[in-house]
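Shown next, in structure tokens, is the structure this report addresses.
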Amino acid sequence: MIAESMYQELILEHYKHPQGRGLRDPYDAEVHHVNPTCGDEITLRVKLGDGGKVEDVSYDGQGCSISQAAASVLHELTAGSTVDETLAVVEEFTRLMQSRGQVEADEDVLGDAVAFAGVAKFPARVKCALLAWMAYKDAVVRSST
Amino acid sequence: MIAESMYQELILEHYKHPQGRGLRDPYDAEVHHVNPTCGDEITLRVKLGDGGKVEDVSYDGQGCSISQAAASVLHELTAGSTVDETLAVVEEFTRLMQSRGQVEADEDVLGDAVAFAGVAKFPARVKCALLAWMAYKDAVVRSST
Amino acid sequence: MNTGFDVERIRKDFPVLSRELPGGRPLVYLDSGNSAQKPTQVIDVMREHLAMHYSNVGRAMHALGAESTEAYENARDKVAAFIGAPSRDEVVFTKNASEALNLVAYGFGNPTNDDPRFRLGPGDEIVISEMEHHSNIVPWQLLAQRTGATLKWFSVTDEGRLDLSNLEELVTERTKIVSIVHQSNVLGTVNPVAEVLARVRQVGALMMLDASQSVPHQQVDVAALGVDFLAFTGHKVVGPSGIGVLWGRGELLEAMPPFMGGGEMIEAVWMDHSTYAPAPHKFEAGTPPIVEAIGLGAAVDYLSAIGMDAIVQHERELTGYALGALGEVPGLRVIGPESLDRRGGTVSFTLEGIHPHDVGQILDDNFGVAVRVGHHCARPLHLRFGIPATTRASFYLYNTPAEIDALVRGLHHVQKVFA
Amino acid sequence: MNTGFDVERIRKDFPVLSRELPGGRPLVYLDSGNSAQKPTQVIDVMREHLAMHYSNVGRAMHALGAESTEAYENARDKVAAFIGAPSRDEVVFTKNASEALNLVAYGFGNPTNDDPRFRLGPGDEIVISEMEHHSNIVPWQLLAQRTGATLKWFSVTDEGRLDLSNLEELVTERTKIVSIVHQSNVLGTVNPVAEVLARVRQVGALMMLDASQSVPHQQVDVAALGVDFLAFTGHKVVGPSGIGVLWGRGELLEAMPPFMGGGEMIEAVWMDHSTYAPAPHKFEAGTPPIVEAIGLGAAVDYLSAIGMDAIVQHERELTGYALGALGEVPGLRVIGPESLDRRGGTVSFTLEGIHPHDVGQILDDNFGVAVRVGHHCARPLHLRFGIPATTRASFYLYNTPAEIDALVRGLHHVQKVFA
């Protein structure tokens, strides 16, 4: 179900109680992404394990609840998954965010991240939601090369 | 009375039978004016006499009926008048033309030239109507100095 | 007419067409080449947006801001689809075609940009043609004057065709950009884009098309055309005033310096420097013509629903009819192609011994026939034909053969008045 | 409120104000600093013109052309009167304030122009301020980059005032132009024009005023101000999008090179050179935003009929009320003057620990309160205050104290959500 409001309980929950926040060692790659239009920023580290598993995604940053909650949800979704699995989610999430509200969210793929569907209608907030996810994609690329 | 149509009988009459057309000697000043937007042109000569009288206004040119008729009417109005009298008419004519149809024409001052009142509503034609008159004003200035 | 195209139904969409002019004249509008009339479908969308959904776009995050932004960006999607743009981000909204042409002209010879394709200075050449609208002449003159580059041009044949006989001398290794009109606003001529483009590609130059008169009247597909830039204007495609379109290849838009600076075209601003948003926003400084873009979106929807093919067919029949009927007016000389071959529904002509200004005025005064008279912003083309001005009748989807009859009747009357 | 000013009657003129947002929320529009809503009086004039009187202006000589031209040029008269322009020919229609600012910036440093006032190169200086909107920053940055001139700026005090303490060092014999905002779109601050202008005149420079936020909210008289150029934008004065105004002294407009080239801005065109129409047409290349200018004319008529004095008084009362009410919200910090002294009805603030994007979104989602959040196209000003963004409430003639109460209630709720 597409959210009516942007502030789903789940988003606020993640914002107030971010999961996996804080930068941790060891890591394979660290990236720093900024959303220049609103000043939101994130530093994100990725540690990959055997069999294409994501071992840890740790992060720190500042910004609005959407960008912060998105990082927390990302952390949860990646934990214990393979890189390939997570990249599929990133792709679906990006598609949803860039749809300007014209696309149905695929809850099977997105899991909790479906809570961000309401954000897609607000072009200015889409970048907030994507900030951590784009940073993650970037970090994964750097880890694997 | 403000003309409904631009093509008053009087204008067509002057266009088909222009008064005083042709360049004549002697003259005190000759000017050549062009309306670059529509290509209308006029060459106009002025001969002044004693007591500030206008002795002759002669002209030649090409263009639409409005610009040609305006020269003919000008010729008639200036004949036998003083420079001061004619400049007063030029001024009133200019005011009328630039009024965009918002001003009542003063027939007492303008005489036959009142037939051009309908032109004032067509900014693109105003320049046609004014071509000869501006040339005349210019030529008078040059004659007196 | 028998095209499954119901002109009487279409005319009902355009309120002004049932208007009486002062003095009880009906309106016979044959001046769509100058600007097209607007259907209720466009007017209502604009009114509704202004009344109920308006706010600034992009920057506003509230409900109205979202509605306005969505409507504005949807208009971009519609326009992109209408002209076959490979990407919506290649569609830049400007205020008219002139701004689109100037935007590209200002992209060249900017000292802050070092992409070689846009470098321009003495020794470099710009090529246009003698049949251009002033809006595709003056921007390049100004550019040449600012940079010291040389402006060259194709001439026009007596039949009103682009003279390509010296294509190879004209377009050379020194050429940086060739910008020509797709369909002439005076002659009606449709130019052979592919032939010119082949040479442009050979010498590694860029090519721009002024499609102000083609986008309204034929299915234009930028990908199929293969040019680099294309400009058109909203008010000629039954859209509102105040909106135009520049389409440009994404990688070129990216390589170009910004034109105007301001809100919405930036990524981040410091006092001493800025970074810019990607295209199209990089070229949309300040609050854009929001409601106008939305109106343009409604306009292309309207045309698409009728079908560009049907419109082409209708105009073709009208033009054939007009060329025939005008050909019988004594002393009338058509300036431009006299057959239907590679020409659109714009017919310019002279009437022997009668100035076009007088023709136009009497047509209007006595018959409510609205044509355009003068040089139609193409003075050099008129100089080429040795005439100061022409009378131009231009047709669109809502015109009828009866209106062409009214024009012809009017011309006979004009000849009587000035007999 | 007791000013002979009936806000409830005024609200009825603006259809959107009685709209329900999705979810049954009423609309509380506190974002007029971003863009104002439109009264029926403006919408109807535009609709009527589009439906019944539209055609291109200037160039068309038929009945519709005359009607459109008259309406368009009447709009110029109205705007000229509204801002006290000594001559209607000093009023140039642009697409927005940003174009007006860029137009003037492009007037400098053009190698084809040798008027010393507009010559610009290394060693010459441009002065702006830290409180400018991006539209009054980026055009000057681009100009400085193109020409090698130096860009300097006034800083802003902690109270949100222009810091004039170094006026004499900043504005010197090297200064060619000083361009500052009349009323800040973030702080609400109204700047001391006369003080800056006195120094500008001393050094023989020119001065431009970005009046985008003052023309809608006070009686602006360009003659009384005494500056050289002034820009504002139609959509903030209850007018349509797609239209802006540059006012410039006649002799300066005459001395400047053209900006864009195209139809209507010319006198005569040959293939190799052109001559230009006098201002304002020289700066209006191509088909102008016709219906938009006409809508702007209706907008200034509307404001004049109500009276700018009454509007000022109304906004003053609202602003006083807002500053008081917001002052009681815990953790709220106003960025800008906290008293009514030399400030307009724009109040920006931060809420401790809560990002403005969240503030704005919840105000909208839960209460239909539309405010603007972000840097409001004034990023350097936010950098100056060390904050990434603010929440901004901006008032206009149609706002009420009850709407400010709704804002305050909303803020309390925001604090609860994020507690």
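By letter and in written order, the chains are A, B, C and D; residue numbering begins at 1 in each of them.
Throughout what follows, a residue touches a chain if its C-beta (ideal position, glycine included) is under 8 Å from a C-beta of that chain, and two chains touch if they have at least 3 such contacts.
Here's who's who by UniProt: A, B = SUF system NifU family Fe-S cluster assembly protein; C, D = Cysteine desulfurase.
Not measured: the values here are computed from a predicted model.
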**OP:** Note the shortest touch-path length, in steps, from subunit B to subunit C.
**Re:** 1
**OP:** Could you compare the number of C-beta pairs in contact for A-C with that for A-D and name the larger?
**Re:** A-D
Subject >> Between subunit A and subunit B, centroid-to-centroid distance (C-alpha), Å >> reply: 78
Original post:
Taking each chain's centre as the mean of its CA atoms, how far is subunit B from subunit D in angstrom?
Top reply: 45
Subject >> Distance from the mean Cα position of subunit D to that of subunit A, given in whole angstrom >> reply: 38
**OP:** Could you check subunit C for residues that touch two or more other chains and list them?
**Re:** 59, 61, 268, 357, 361, 374
Subject >> subunit A, residues touching no fewer than two other chains >> reply: 37, 122, 124-125
Subject >> Complex interface listing, subunit D residues touching subunit A >> reply: 23, 355-358, 361-362, 365-366, 374-375, 388-389, 417-418
Original post:
Inside the complex, what are the residues of subunit A that reach subunit C?
Top reply: 36-37, 100-101, 121-125
Original post:
Quick one: in the complex, what on subunit D touches subunit B?
Top reply: 58-59, 61, 66, 69-70, 73, 267-268, 275
Subject >> Complex contact set, residues of subunit A against subunit D >> reply: 4-7, 12, 15-16, 37-40, 63-66, 122, 124-125, 128
Original post:
Mind pulling up the subunit C residues that touch subunit D in the complex?
Top reply: 15-16, 19, 21-22, 25, 27, 29, 31, 34-35, 37-38, 40, 42-43, 46-47, 50-56, 59-65, 95-99, 101-102, 105, 110-112, 130, 133-135, 137-142, 145-146, 151, 153, 233, 235, 240-244, 257-266, 268-274, 285-292, 357, 360-361, 363-364, 368-374, 376-377, 379-380, 383
